[in-house]
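Chain naming follows the written order as A, B, C, D and E, and within any one chain the residues start at number 1.
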Amino acid sequence: MLLDTKLPVAYILTRMWPDIIRVLVISLSFQLLKYFLGDYLPEIPLQLPTILGSLISLLLAFNLNQSYDRWWEARKLWGAIVNDSRMLVLQILHFVPNDLLRSPTLGSPLQAFAYRQIAWCYSLGQSLRGQDGLAGLDKFLPEQDLAYLRKHSNKPVGILALHTAHTKELYQQDVINPFQQVQIDSTIVRYTEAMGGAERIKNTVFPSSYRQLIHVLIYVFLITLSLSLVETIGLWEIPVLMTIAVAFLLLDRTARYLQDPFSDTPTDTPMTAVARTIEINLRQLLEEDKENIPRRWYRGRII
Amino acid sequence: MLLDTKLPVAYILTRMWPDIIRVLVISLSFQLLKYFLGDYLPEIPLQLPTILGSLISLLLAFNLNQSYDRWWEARKLWGAIVNDSRMLVLQILHFVPNDLLRSPTLGSPLQAFAYRQIAWCYSLGQSLRGQDGLAGLDKFLPEQDLAYLRKHSNKPVGILALHTAHTKELYQQDVINPFQQVQIDSTIVRYTEAMGGAERIKNTVFPSSYRQLIHVLIYVFLITLSLSLVETIGLWEIPVLMTIAVAFLLLDRTARYLQDPFSDTPTDTPMTAVARTIEINLRQLLEEDKENIPRRWYRGRII
Amino acid sequence: MLLDTKLPVAYILTRMWPDIIRVLVISLSFQLLKYFLGDYLPEIPLQLPTILGSLISLLLAFNLNQSYDRWWEARKLWGAIVNDSRMLVLQILHFVPNDLLRSPTLGSPLQAFAYRQIAWCYSLGQSLRGQDGLAGLDKFLPEQDLAYLRKHSNKPVGILALHTAHTKELYQQDVINPFQQVQIDSTIVRYTEAMGGAERIKNTVFPSSYRQLIHVLIYVFLITLSLSLVETIGLWEIPVLMTIAVAFLLLDRTARYLQDPFSDTPTDTPMTAVARTIEINLRQLLEEDKENIPRRWYRGRII
Amino acid sequence: MLLDTKLPVAYILTRMWPDIIRVLVISLSFQLLKYFLGDYLPEIPLQLPTILGSLISLLLAFNLNQSYDRWWEARKLWGAIVNDSRMLVLQILHFVPNDLLRSPTLGSPLQAFAYRQIAWCYSLGQSLRGQDGLAGLDKFLPEQDLAYLRKHSNKPVGILALHTAHTKELYQQDVINPFQQVQIDSTIVRYTEAMGGAERIKNTVFPSSYRQLIHVLIYVFLITLSLSLVETIGLWEIPVLMTIAVAFLLLDRTARYLQDPFSDTPTDTPMTAVARTIEINLRQLLEEDKENIPRRWYRGRII
Amino acid sequence: MLLDTKLPVAYILTRMWPDIIRVLVISLSFQLLKYFLGDYLPEIPLQLPTILGSLISLLLAFNLNQSYDRWWEARKLWGAIVNDSRMLVLQILHFVPNDLLRSPTLGSPLQAFAYRQIAWCYSLGQSLRGQDGLAGLDKFLPEQDLAYLRKHSNKPVGILALHTAHTKELYQQDVINPFQQVQIDSTIVRYTEAMGGAERIKNTVFPSSYRQLIHVLIYVFLITLSLSLVETIGLWEIPVLMTIAVAFLLLDRTARYLQDPFSDTPTDTPMTAVARTIEINLRQLLEEDKENIPRRWYRGRII
């Protein structure tokens, strides 16, 4: 499960063209201005862009840090989902007497909980990406449960309600004792917490005024710098400005990608890979045949 | 539920006029001073505003970071409220036997808890904004509860007391066992924590001496810079100073908006939208008719 | 409960005189040195104070951040005390049968716990400020409890022991069941945590060598700057140095005030206001008469 | 257990040769360029590399901080494993009646749990390093358990399943009561959390686009600096640039080493040493003979 | 309990001599170089040490921050130990029936637990400092317990095993019920956590490559600065360089002292003072005679 977030350079550059062209226009236009109106242009001392440059550097560094924290929090939440998924199956194994674990009259609790949990992981990943939360779940859930879930706008909450209903049934038939019921309930509490956290990160856009301000300030800085350089190094201003502009704009863009760890881009949290890892782990805990267990291979990489 | 905090540019500019005019006066007056008293003015080396500029930049960057943390903590608390609201209804579904869930002699626990919880969310949001904590709650609470709540200055605490009283009743009538009672009590403990956290952020103003100091230091920096620039680039000082001033003042103001996530401005935490999302989720868990469920649409945007 | 920490300017300036005079002496003495020994003084390049200035700026910014974290942690702890105080009364309401809530043979548990809790909040606030931890508690505690508390050096721990003893009595008389006893015990665990946290912040002085180092470095920076400026801008050095000195020293002092959130200064955590808010909330949960409930008004402001 | 992470200088330098040669080529080629094309080269003002230098410095400092946080989190997780390993044995000692602690019909619970826990620690460490998760465990586990574990791709999860099965057996034979079963279950929950956290850090590579960006920016900075210095200090540019390059590149590399605390390098988390410490502690709790207990000595150092 | 960490200036200076002499040698040797080889020395522009200076400043500031966090975490852990020590005694008071609290046939639980807890605090403090973990404990523990502890290499773990065994005894003799047993067990879990955290900070040396890198970079910076200053201000270079060197080196050293909060230096965490405070608190909860209670006075200061 090597979850790298390679940001293909080509992918980024495609999205950066507008910015690059804007910077090119700026640096060219100052060249023309100097050529035609050289005498009227002020000689901006380089100290000025230095002041602005250190302001922008700080903002970008802090912004990258905040974005990294968001990204890391998203990973932590999915990590918690991995843990608690294993834990639920271990708890069913722990609490349900051995002869009842696979009893069909009880809905064969072990398999039902494990499959439902796998379904929950896939469903949550798909919902967060804005895709159909039920796609592909027919492998894991009976038709009757799927019908119930279709009435929910939030599918993962619906699946948790099914977990809850099954636990209740086990308790009412004296398969588990009240202590065990409450302990499983606590595991489900942790699911709602992880799910709510992921939804929060997905839905709470990074404050856009803050974001835009940084973007605008980069341009203010580049314009001041361009004005200074035109006077100092003439035509060399163009490549130098471009290099510095790309550096700052790339940092800004990297921060943005980290801020949205659940958008459906090549760079987001690898939720499908994580869900597949959970599927493998849980099926092994069920001691299923090797053929049933998906291979540790996803999008051309071993996971 | 796309919760963006667009800070309308017009909205900000309206509030920034006084600052902008102050800066304009500063830069103009130094121009006049230079014109009339040019010989007596010192030639402040640009290094000096550079020192001050990097001090201010650091303070602003840290301040933005602290403000962002406050804002993010506010979101986390409301995220926790979303989770625990779902959890309470799941727990009632889990713990109360199916035939009693809607029993009128028990106050039809499922609906009562769900509606009371929705009421609590709206009430908390309204209280935090300084509005009437009971407005619009008659859809969710019986008259007798509303009468009880009118005696409380802190309405959400009153609603939690109602939750508590109902749980006690269920326990005394042997509908839930002591384990389950304590588990529901733990959920209510989490409510008081989230509510207390939100109240803390609302009531604990960001240390104002810190805030004011930053504001004053920006002016000290601008005055030094103005003095330096007047000597170096003459009349160009005015637009250059204005640009830099707006950059620093905007950062200061953005930080302030993030600091008060529960003030009733266009930029605060979208508590009503969150409460409405909770209402939708809970009504679906109650399996209500589609007509009863509010549409996912708020202030012209899908939520 | 608008808890602002206005740091009256006059209050700060009173305490800053020694520093300001020291800076004045420095800048004046360099003027004299230059006048008499001008030829022997080195021309310190402005780059040197710039290096030191950015070091100091960083240290101050980080220091302000650490101080802010301490201050915010103190607020969080008092926020937790607010929550758990409400929670204890809600739990008594929840767990004790209605007919026994006010039974005198049981010590009328509801009122006793609520009053004792109010007493605990006032007592903790007063202890943290180094004042008498029992002052004014006779309104809330019977004489016999006060006598017991006089034997304790740490009054709030004593009050928790009284809570504990009362809970035990309720349990032994079968008023509450073992689950409920343990749940109340968990609430008391949270009290000891919040109390311990506040004591830790109170007693663990910010590392003083770190503090003093920053203070000394500010002076090193100011001396270097003074030497540079004397050569560059002559007599103007005095007001310029004073301005910059005040900026840095004010930041240092603001950090210090934030570091000690429980010292008895005009700027500390408004523990009395918080305790009074708790008193109001709890008395309303007791459904007391309006006359008994203190007004939401403290030190001339609405709380 | 003095767990230093000495990064042998030789080790680092071996891996830094490519970078050092690249910098050497850069500085030499600018020397040649100047010699042959001196008139066409621009005179890059030193202010430009200063702007870039402070940007890079900030990014490196933040990056080191984030890497340090990852490293520290990894240590915390292994610290938690130490605590909970002791706790499990203390709990078995606490909950199982004395006469049954070593009863062979129950699988002599005390020794079985302790040995299994030691096996879990070694297995987790080896799995995280990508080594065989079962190597050397035959000292601690019976053959039948090893056979079961061979079917699992994630060995540590398998060992937790064995813990769970044994606890269940104790519960079903009335050796422990339901409260105790749930309390042991909570300890196992903490194991899955610590294990999941370690796996998350292992598998979630630090965002590589961020990493590469910093590396590229260091080169952009060095090229600009080289161009500036060639004009100012001539041939001295070569040693000066090399020194500065090594400083920045070393920081970058140190950050990388801290980012991967579970890779099998001389610098990773000393998991084997920690596991051995746990083994010593647990064997002492079993009151084993001194000869059985491994010595506190690992890789030539006392642990 | 005013726990200041005064770092006696004399103490620091004693340890800084080697560094100071090294810097003196550097600055003198450059003076000589200039005198004899003045024509061959490059004129390093001051911009270069400025770039390095801001890099070092950032690293030092972050490093101080990380060190402060370690130091603060150590304090938090000892704060948690204070809380939980009080809590354990409150729980014994709460759970054990009054007539059995001092019953000799049960080992007089109240006193036994309280004294054992005091012993644990002293023992942990002494172990962390690398001193004998049993010194002075004969005041608190019976000989038979001391004999048991001598077999343990980790004394505090042994004391927790004694707590556990006593709790088990109380449970088996029906003095406490299973809920209460588990609640006390949870308190012991918190002890192992605090103890494990303190051991982690003690044993996990701050990454030494990071530490050394900062130290080396300070020297690189000082050498560059020295070269620049020699050309600019001649002999004045010596005092100026010394001042700046002392500033940076002192910051580095302060960071180091904060990193090792459990080393036996005049500046470490005042564990003995904290343990004594716990002793006072617990003896007062036992309502012991005033003569038995140690005075709040330690190393010449009131605690």
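We take it that a residue touches a chain if its C-beta (ideal position, glycine included) is under 8 Å from a C-beta of that chain, and two chains touch if they have at least 3 such contacts.
Small disclaimer: the values here were computed from a predicted structure and weren't measured.
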Chain D reached from chain C - shortest hop count over touching chains: 2
Rotational angle, Cα trace of chain B fitted to chain E, multiple of 5°: 145
Geometric centre distance via CA averages, chain D-chain B, whole Å: 38
Distance between chain centroids, defined by C-alpha means - chain A, chain B (Å): 24
Per-residue overlap in chain B, given as positions that touch at least 2 other chains: 47, 50, 54, 58, 61-62, 65, 179, 182
Graph class of chain-chain contacts, one of line, ring, star, complete, other: ring
Chains listed in ring sequence, where chain B comes first and chain C follows it: B, C, E, D, A
Footprint of chain D on chain E - complex, ascending: 42-45, 47-48, 50-52, 54-55, 58-59, 61-62, 65-66, 151-154, 157-158, 160-161, 164-165, 167-168, 172, 178-179, 181-182, 185-186, 188-189, 192-193, 195-197, 199-200, 203-205, 207-210, 213, 217, 220, 224
Touching residues (chain side chain C, partner chain B) in the complex: 1-7, 12, 46-47, 49-50, 53-54, 57-58, 60-62, 64-65, 68, 71, 75-76, 79-80, 82-84, 86-87, 90-91, 93-95, 97, 177, 179-180, 182-183, 187, 225, 232-234, 236, 240, 243-244, 247-248, 250-251, 254, 257-258, 267, 280-281, 284-285, 287, 296
